[in-house]
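In the two complexes below, chain A is the common chain; its partner is chain B in one and chain C in the other.
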Partner chain A sequence: MMRLPWFEYRAPRSVAEAARILAGEGPGAMLVAGGTDLLPNMKRRHQSPSTLVALRGVDELKAVANGAGLQLGAGLTLTEVVDTPAVRERYTGLWQAAAQVATPHLRNMGTLGGNVCLDTRCTYYNQSYEWRKAIDFCLKKDGETCWVATASKRCVAVSSTDTAPALIALDAKARLASVGGTREIAIADLYRNDGIDFLARKPEELLSAILLPEANGWRSCYWKLRRRGSFDFPVLGVAAAAKLAADGTVEAARIALGAVASRPFLVPKAGEALVGRKLDDAAIGEVAGAVASRAKPMDNADMNLYWRKEVVSAFTTYALRELRGDDMRAERLRTARQALAA
Partner chain B sequence: MNAGVEKGVAKAVTLRRNVQIELQVNGEPTEVSFAPYKTLLELLREDLDLPGTKHGCELGECGACTVLLDGEPVLSCLVLAVECAGRSVETVEGLAQGTRLHALQAALTDLGGSQCGYCTPGMLMTAKALLEREPSPSRERIREAIAGNICRCTGYQQIVDAIESAARELRAGGETAR
Partner chain C sequence: MSGADKKFDVVGKARRRVDGRGKVVGQLRFADDLVLPRMLHCKLLRSPHPHAVVESVDVSRAEGHPGVHLVLTGEAFPVPYGIMPVSLDEHPLARERVRYVGDPVAAVVAKDEQSATEAIELIAVRYRPLPTIASPEEALANPEARIHDYGEQGNIHRNQAYEFGDVEGALAASDLVFEDLFFYEGNTHLPMEQQASLASVEGDGKLLLQSSTQNPHYLHRQLARVLQMPASQIRVIATPNGGGFGGKCDPGNHEFVVCKAALVLGRPVKISLTREEVFYQHRGRHPVLMKFRTGVSKDGKLTAMHLQTLLDGGAYGSHGPASTFYTGVLTPVTYQLPRFKFEACRVFTNKPACGPKRGHGTPQPRFGQEVQLDKIADKLDLDPAELRLGMVTEPGSLTASWLRVGTTGLAACIRSVVERSDWKAKHRKLPLGRGVGLACSTYMCGAGVAIYWNKMPHSAVQLLLDRSGQVTVYSGATEIGQGSDDVLAGLIAEALGIDTDAVRCITGDTGITPIDLGSYSSRVTIMMGNAALQAAGRVRDQLAAAAAEALDTLPERVVFSQGRVFAVDDAGKAMSFVEAVALAEAKFGTLSAVGSYTPPKPPGKYKGAGVGPSPAYSFSACVVETEVDPATGWIHVPKIWIAHDIGRALNPVLAKGQVIGGVYMGLGEALMEEQAFRRLPPKLSDALVHRNPSMLDYKSLTALDMPEVDVTLIEDPDPNCPYGAKEVGQGPLLPVMPALANAVYDAVGVRVDEVPVTPDKVLRALERKAKGEAARVGPEAFPEVPYPSPTFVLPPWENGDGDELKGADGKPVRRERRVATA
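The block that comes next holds the complex of A and B.
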């Protein structure tokens, strides 16, 4: 058996209490929600927190609130997110992203907050302790060299969260709570392009909710590339959202990429280039090319690097075609084995 | 800070000492004491003498360790045992009634849905949860539901066949097939 290291287990009942424990324990403490990312990492000794602050018993983190937009508690499981009608009907991109995370069992366990705060991944990192020891570890944990880019002073491990690019395209906000109070930031600003220090969250803060703006005529979608139709982390995620006028003219658009850098990011120029145009093949082709030029995947995830880069333009095309109303079920079944029609 | 919060509500587990919890295992109220770093998988196999639940990858990647926690399929290798206090766990050991196999077990046996058998306990628990929620799932739904359970032997067809057949059996009212 691969054992977890020893830790002290704390089970706060409220956000305020969790924040207080985090502040009191300092950097040795880590939050655990579903544990589907943290516990495998602890078994491989990527993280060995002295205290685990468990969020399972914090009911506030399970709240769903309809208002001007939609507020989703960070503690909702991905199954609960997928089963929320408002998500499926109004925030299709998030629905498609959450539905494609891992497997049904992992979605029953894993939470939205854990997904947003997911550790970055790399073929030289997501390995057992012995495996990593045999290569003298790496920059991200216990070592000095980055084996992906040996001259690099920065770890280039990949952001592998599926929901984050969808949330960026949807212009969502993250609510962070600490003993000092709460703050809300654009979800894109939660991320830093650094495989080690990849979140702008302060150590004493916890993510309490995701706030989605009013859907108000916006439509959205998410396209995920992975080897198998289940289980696998994304090696590319393309999220697109657009607001179309009655005649199909784009009034606003946002396109975000995941799994091609240490953070998920918006490609602002791509969205802007679509404004005032119809989503015809010419416009889609131009924008797909522009999006692809922004993707700089590294050779530290599954599948061939150059092919992964090529797929960016194809997946952006699929995403924009889906937004204009094309029936993309055949392409979805071919590439992901799931139709995902909302 | 927040004056409304009571002091000392957090339940701390003292370092390097066993914890004791009560939970339901296959319908039986059970009390168990164990090292707090243990997962539910370790608890079942090592402390509760229930080795029917298999350990494969221990990292969430195979589904061999699937059990039902409050009726929902989860991976026991990634569930902290301390978080099971007061909850209900169902494992493969709870399926048969004495010598009478559960309809799913009988169908897997009869239709070649179990070869080496390593994936079988997890597959059975996943299928049980599915049929409790959806008594007549399509083949597509069955495939989706077992997407987190890897089988290296059967090629899955026989497993899907067996779940379909057991679903028919259970709908017809037979608790078991033999």
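The block that comes next holds the complex of A and C.
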């Protein structure tokens, strides 16, 4: 089997202790929660941290708190997120996103915080050390050239988190803790469009919780495109949230995309264009076209690149129709192989 | 041996397979589960270059690494090997040349895998890169750099060309001639179990290799060759395989390496391949480009076919010479085809070697043939099912190429899926976006000739009985998950009138079991089965003779059933099976019998007539239903109906499992599986790497993607087969891919003439259709291939006798001695 490199293993019992270790160890330390992303990457020598700071024993990262909105500990497994009734009932988009990450086994191990902080992916990067040696490595790790776009100075590895676009559409915040205290930033601001330096998190910070605002009449959904009904990372994620008046007029809306850039991002104009309108086919068609124009998939993930761009409009349409109240279960079963009706 | 009118106790009953319990409770020990005292671990260093000369290998630093016991390089292995005697082109570790990224160069044996992995990186290899050959087109265009110094010419490994009757003449006289190009992408076996091997020197000084292999006998011969040891000093045990599908048919580099290391060190040495290494070992489906020119009459009868194929063989020969044949030889078995010509060419490229995968060489032309038939039916405005029913081959007939079709249930298969799928109400009648497609296929029940030329049996079975009533059956046949042990136990139990519980199977061990050629070509049920029935018949005669004395009846009036032995006309005269064994042991001494099986001689006598003949052929028909989204091209398959002519189902639950497994694999190939490669921009890099060597990135269906499968087994016992049972391991995969492509056409009116059929291709074809262009995606051109002049043989109905020679004018002439007696 593939072997892990040597590392020191630390198991703090509190966020404060974890933050102290991070501060003391410096950039050589990495956080590990479920390990479903990091450990395979370490086997492939993408990361070789001298110290792993394990978060499994930190109970406060498992907290779920109701209040103004919902606070989810970053250490909750994705299965625990899916099984949280408040998520399913009030934050459907997050529920649908979490329920479609990887496989049941991986959701039992992988955490919400881990998915939010997921390493960017690329078919030239997510390979063994020996494979990467055969292409003389790449810009993201150990090499000089981006093989996806050989003229690019920037790594174009793709953001592959499912939960982040959903959280962006839901206007969620991330709480970051360090020895200096905690801060909260919008999830959208946690990301940079850079395949290498894709997180605005500082090395001494750890993501401790996700803060969801009060649902307050907002409805949301998440549509994931991938080849198979399980296992695969997204090659497109469309998250949409809207607040509708009693007559169906859109009062506010947010649409976010995942897996078409090095970061998940909001498409502000799309949400704004819906305000004051009803979600009729004409409005949906217009907005879907506008959203599609923002998607810039690269040839570094599964499935044909041009096709992935071509279907952004269709998937945005599915999402907005679901927000409108259409019964989309048959379409979900055809594409996602799961009904995912909240 | 058909036993068509026999009443069965065991055969035909749905039983739990004999190895089921061990698998479910986790007791079965796969090769990677084996641990021996003082065992060492091995890792291979693999080439990072697709094509290079190995100038030097410096192992000194690795040898000095803590925990390292041995470092081996190509110097340790001067003798080449290969599964086929005509392609002995591999060395366990590269000697002068590496030919693909992943080609093994050196091996480290250390106290643990971690140390071996560390030491691998300390080996310094100096390579001199050579130009990379990435595709068949490049291989044809560039005779240099030559990947091997043998073969037809340049980078062409093998050519085959046969013409059965004057095909051009027949095409010219046809009402219509259809010309179509198809491409079938390569894909791999993806067995759940990654290969592992454990070599040790036993107490008697002999070498023992326990390995995940489908063919312990062929491996045994190759080990003797490469290690230059007498075969009698080597024992190969095929451990229970967690799937094979053809991927464990070739001897693997790693198997020779651990054997050599165990011999040098005198300690057990184990290797377990990573998933990525399994993708490099490969030997999977050849990518094949195909051109079909098929003549038809207006009423939907075939007149002639000219088939050309071009195979991307990868870096080594493997089973390639056979694979090349198989892209043509089974084509005429399903439908009446008066004249047939096929030309096949396999080239070398700098990629992992292709070889046999479930259906070996035949799924590719079957895809083309069945999609083309759909086009023919469309053009002639005939129902595709009726078109096929109007031309299925007759039982017992010969094909133009001199293959003997034995029993055939193809028509019954077609009628079954047509009825069960409600085909007549659906085909060309469903709304836009929904469709059904139909396709058929055939497969061999065992190759008629062995991989190496010999006149000995293909399978042998030995039975040993004693007074305890236990029946031990020894067979070289190899359990790869297909259920060969269950078939063996079931046949013996049926023949001796006992429960499978009373039978112990010892299989796949060259040290103690009689030879069986291996688990390939769907040969085990038929060949092992016939051998087992012969052995059982012999021992049964002894039991009957002894029992008859005690029962005061005649031996031929003794009946064996449900653990009892009794007189046929007086049930009061009875004893238990155990008592009968004791009487026979007293009368005859120790009870043992052997049985063996050699397939019948092929009817064709021309050179090359040995590839394709089989004691029997299975047949399948399949209907796939699709929902295709015209806006995205997304393909959803709600249901599949399949009927398989199995002759007789020995264990129906196992047989249905095999059918569904074949459909699963076929649908994965149809929709997504690709052994694809990345060529980096040649100006910047020579690299040619496997695109997706992992279980995540190599896409095969998950449980959620698998539709409901409606399985019908058509039972028409074949007299050449044990109790009439034909194969089921490979055939049911074959019709799935063309049926899917035909269903996509029925749904949205576009042709994807290549596998896999993916949503982007559907959408591209729809866009072309919308623009008024040909509503098709697929290969556009077939390159110039220097096929040789074909061997010309007359079909049986043109007064050929299967032994013509080609005259100076290219026309056939009889061999003189035959003319003299004609």
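The working rule: the second predicted complex is superposed on the first by the 342 of 342 C-alpha atoms of A that agree within 3 Å, B and C clash if a C-alpha of one lies under 4 Å from a C-alpha of the other, contacts with A are read in each partner's own complex, and residues count from 1 in each chain.
Just so it is clear, a residue touches a chain if its C-beta (ideal position, glycine included) is under 8 Å from a C-beta of that chain, and two chains touch if they have at least 3 such contacts.
None of these values were measured; they are calculated from a predicted model.
Engineer: Pick one for A:Arg3: touches chain B only (first), chain C only (second), both, or neither.
Structural biologist: Both partners.
Engineer: Once chain A of both complexes is superposed, is A:Arg13 in touch with chain B (first), chain C (second), both, or neither?
Structural biologist: A:Arg13: touches chain B, not chain C.
Engineer: One more residue to check, A:Asp281. First (chain B), second (chain C), both or neither?
Structural biologist: neither
Engineer: Taking the superposition on A as described, I'd like to know which of chain B and chain C A:Glu214 touches: first, second, both or neither.
Structural biologist: Touch partners of A:Glu214: none, neither chain B nor chain C.
Engineer: Touching A:Ala314 in the superposition: chain B (first), chain C (second), both, neither?
Structural biologist: second
Engineer: Counting residues of chain A touched by each partner, does chain B or chain C come out ahead?
Structural biologist: Touched residues of chain A are more numerous for B.
Engineer: Pick one for A:Glu251: touches chain B only (first), chain C only (second), both, or neither.
Structural biologist: In the superposition, A:Glu251 touches no partner, neither chain B nor chain C.
Engineer: By the touch definition at the top of the document, which applies to A:Ala54: first (chain B), second (chain C), both, or neither?
Structural biologist: first
Engineer: In the overlay, answer first, second, both or neither for which of chain B and chain C A:Pro104 touches.
Structural biologist: So A:Pro104 only meets chain B here.
Engineer: When the two structures are overlaid on chain A, which partner does A:Glu184 contact: first (chain B), second (chain C), both, or neither?
Structural biologist: Touch status of A:Glu184: no partner.
Engineer: Across the two complexes, find the residues of chain A that touch chain B and also touch chain C.
Structural biologist: 1-3, 229-231, 338
Engineer: Would you pull the chain A residues touching chain B in the complex into a rising list?
Structural biologist: So the residues of chain A in touch with chain B come to 1-14, 16-17, 19-21, 32, 34-36, 39-40, 43-44, 52, 54, 56, 102-106, 108-109, 179-180, 229-231, 338.
Engineer: Give the list of chain A residues in touch with chain C in this complex.
Structural biologist: So the residues of chain A touching chain C come out as 1-3, 123, 126-128, 130-131, 133-136, 145, 147, 150, 227-232, 302-304, 306-307, 310-311, 314, 334-335, 337-338.
Engineer: Looking at the complex, which residues from chain B come into contact with chain A?
Structural biologist: These residues of chain B touch chain A: 1-2, 4-5, 9-16, 19, 36-39, 42, 55, 58-61, 63, 66, 72-75, 78-80, 82-83, 126, 144-145, 147-148.
Engineer: Would you pull the chain C residues touching chain A in the complex into a rising list?
Structural biologist: Interface residues on chain C, with respect to chain A: 46, 48-50, 101, 113-114, 117, 272, 274, 276, 627, 629, 631-634, 636, 672, 678, 680-681, 684-685, 687, 689-694, 696-697, 699, 701-705, 758-760, 763-764.
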